[in-house]
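Starting off with a structure, shown below.
Going in written order, the chains are labelled A, B, C and D, and every chain counts its residues from 1.
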């Protein structure tokens, strides 16, 4: 019908689809899944970094880290709002998260045993996220695209902060340099896997690209990321843990080695370092906070009743009539 | 009547009064108060030392400290049992404690900011407790006297451990010696006040002495304690923070200075360093554990019902008859 | 001057210790909005702490990080309220309510300090504390008037934090015996701090007027528990501070003298 | 020999870390009897830890305290189950149940070790662990069959600890990359540990037979959550261990080289 035609036109003209526009059920469903997974990733992603707030080694770093983790909560909230415009409740999404039925980015199932991990997460994980997300600022669905604009701005700030943490370590003592290198060794490959499996094994990508909610293939994004990392690693003075990395004049890109996709599927299947802890921490917080939320609801109800009653008593004639 | 005569005879012959014996209501009441306060003191007394279990600086000290705090819980349990023989429930006593209606030894309202306090509590606080308690092993009420025998044995062990902690510090670095001295400075006067106000201001003592549940006056015990401390302090090499301490040849005792009883009544009135925290910590533990105790009760009830039912079904004729 | 620095050090420690406690909530809050809100308040306080500690340190040539990470428990000068553990959400709200009323009065008055740095720090802080106070008051009402359970917990929270209110309005003091690491021992209260520091008496009156009303408006009872002895400004702390500092300082102390 | 010492070090860390966690309960337990019981179990484990670390250290001329207080997080070799936070009482019981079944099998088998010291430590430990296991099983039944709330919490506890069960039965390994403080780097697994160490395969079979039965007897469901990656023996830990060690080691590290 008309709706479908308009939808196709919007896509063709690289315009935005808005909540009130007609859209195919599968488009809606895919977006809900993608946006809510992204929101969950922000929420769960607070934990690996939250782990160091109490131990940050300088007040400046403590402030930056607190602000960053808080930004992630904020991103989660925007994204939940964007998903809500597609007709799903936040409670429903959150419940999917804390009951383990929803996915979130597998990278957050790794742990942060050292302070340098605050650097690696910023530089590598946020770096990969940005490569993924910058194209999404042009996503066809309006509320999502706009949320991504705001998020990307903050993420690139976070990435720079991560880079600076590593830089400070690399300019520091032998122990600090070793801490940075060891951390980069752990995070490099998982960060590259954030773009998802190789294109050949990624069946959903075609449709998403047609819908303008995915702009580049997994492998394209991964290449872009590696091309960005290599010169930055040189500035830092860290070694990326892949001996196959070298400039390929012909391709105009850096070659890099194969990734261990068994590792990836292990973590995805729940057998990573911290899967068990992540969801249950958030669920525990939610359950321990149930009485607080109930109180807030009860209070709001009482206020609503009271103000209705006061409106009523302020206008007795109307009620009587 | 006969009961009263027998009671008087038991006291006169320094014998034990047992739970089934007749006793004056005031004697019973005084004992309940005294024993339950003593029990509460053991329970609350776990906290100032419990504070260092997680930070004890060697595994040996950690083990000794854990064992000690656990002994205190054990003492609390014996003493509650002794009080129960006088016809009061443990629940009732414990409720008096966690609602702030019952007293416990005011000394435990002081805090333990340093590890050396583990030494001072053992040496000074347990030392004073022993001076108080050794005579109570001969208390006229049987269950109390017997509980005290067991407790005193462990207390003197604890006192020695405290002394050893201080000795290790005094044999250590300049910093450790300073830590020990600073701690002794804080605990000395409060420990002396553990014997209660000067005899002139202690109206209840006479009756308790007549009942053989107090054997020496507050001032007698305090003198005995100081006489014990002075030579031990010399061995340790710590200075007792009272310039008035000197040997009095004539009295055959050490003279010592007046104590600041305003301080004592401030702490007694709840304005000490930690009064607020002590009771509320135990109450919180109790409230957080309510579901555990309920579960244990529910399970015990079910077991009782089940075993009654199985007895019943094993003997059907009897039931039928 | 050094007495001023000592004054700034105390205020800085108040803010730092409370900021750290609020940071402990992050990822544990009852809802995401509170992860954000408590984090925001913590960040504001951390900002105040940094300004105050930097200013204090400038008198002695020492940095905010030296002061935060390399002093021991008995060298911290924060008043004891701020170090109290988070407890449940109601405990945290009670602590924050008392803290915010205190900070609100303090920073408002401090804007008129004759010390321009302190006045500037206070001017910025005042606006932020305004929001903190509002946050606490809203939650006080919600919890006090919400459900039976929230009412009970909020009362417990108020009762638990009340003993530490008394100390908030006691006079500033000199250095603890034995001094403070990174702070020279020869600091004396020689100079008059007349126009520099805030007179606490009017703050107490304001507290006594505002807080009981807020508590009763929320259907709760003004606690009657006695005030604790206090002594935070002289380096005497409750048992909560030691373990908190152990965690806060562990990494910095493992690598003394480095840059992060 | 050094491989034996390395084996003892791992077992010692298991016991030490769990003992510390149990010590955290003291003064916080749901009833006084449990302050005593959890303290008792903690003390027994601390005893095992001290014997094992002392024995391990004897190979390298280092003390139990050097090993306990002066190694960093990545040098601790305990399996991850033992470092998990206490959570509520049901979490602690779940952790203790799995731990006790593991220790029970381990020490029974280790009594027949060809290493006489390990055999002696195990002989003593076996009797104690027997009581620990009984304690956990009794509480498993009470909580599983008690009230609706206790049932729910006990199931949560089992689910939360289950991911760390898998690692318990994975083979012992060598040193983490980079080595361990106080443990020379040149330790190699040269010697055969044939008769010395316990074969974990039979322990796993025993666990798989006993534990599901205990859980279902308590009216609960055997968890289906996947096992975590683990790696405690190689120095890889969950995020719970770091803050725990910060507190445990703070005083010792503030005064290196002294006697207490």
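Just so we're on the same page, a contact is a pair of C-beta atoms (placed from the backbone, for glycine too) under 8 Å apart; a residue touches a chain by one contact, two chains touch by 3 or more.
Predicted, not measured: the structure shown is a model, and the values here were computed from it.
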Contacts shared by chain A with chain C include exactly D
Measuring between mean CA coordinates, which chain is farthest from chain C? D
Chain A-chain D separation of Cα centroids, rounded to whole Å: 36
For chain C and chain D, what's the span in angstrom between their mean Cα positions? 39
Centroid distance [mean C-alpha coordinates] between chain B and chain A, Å: 56
Where in chain D do residues touch two or more other chains at once? 242-243, 246-247, 250
Multi-partner residues of chain A (each touching 2 or more other chains): 47, 54-55
Edges wherever two chains touch, nodes for the chains themselves; is that graph a line, a ring, a star, complete, or other here? other
Pairs of chains, among all present, that meet the touch criterion: A-C, A-D, B-C, B-D, C-D
Could you pull out which chain D residues touch chain C in their complex? 72, 242-243, 246-247, 250, 253-254
Touch list for chain A against partner chain C, complex: 43, 46-47, 50, 53-63, 66-67, 69-70, 73-74, 76-77, 115, 165, 168-169, 171-173, 175-176, 281-282, 285-286, 288-300, 302
So in the complex, the part of chain D that touches chain A is made up of which residues? 73-74, 87, 159-160, 162-164, 178, 225-229, 231, 236-239, 242-243, 246
Chain D partner, complex, touching residues on chain A are 47-48, 51, 54-55, 111-114, 182, 266-267, 269-277, 280, 284
Which stretch or stretches of chain C touch chain A in the complex? 16, 20, 23-24, 26-36, 39-40, 42-43, 46-47, 49-50, 53, 64-65, 68-69, 88-89, 141-143, 145-147, 149-150, 153, 247-248, 250-252, 255, 258-260
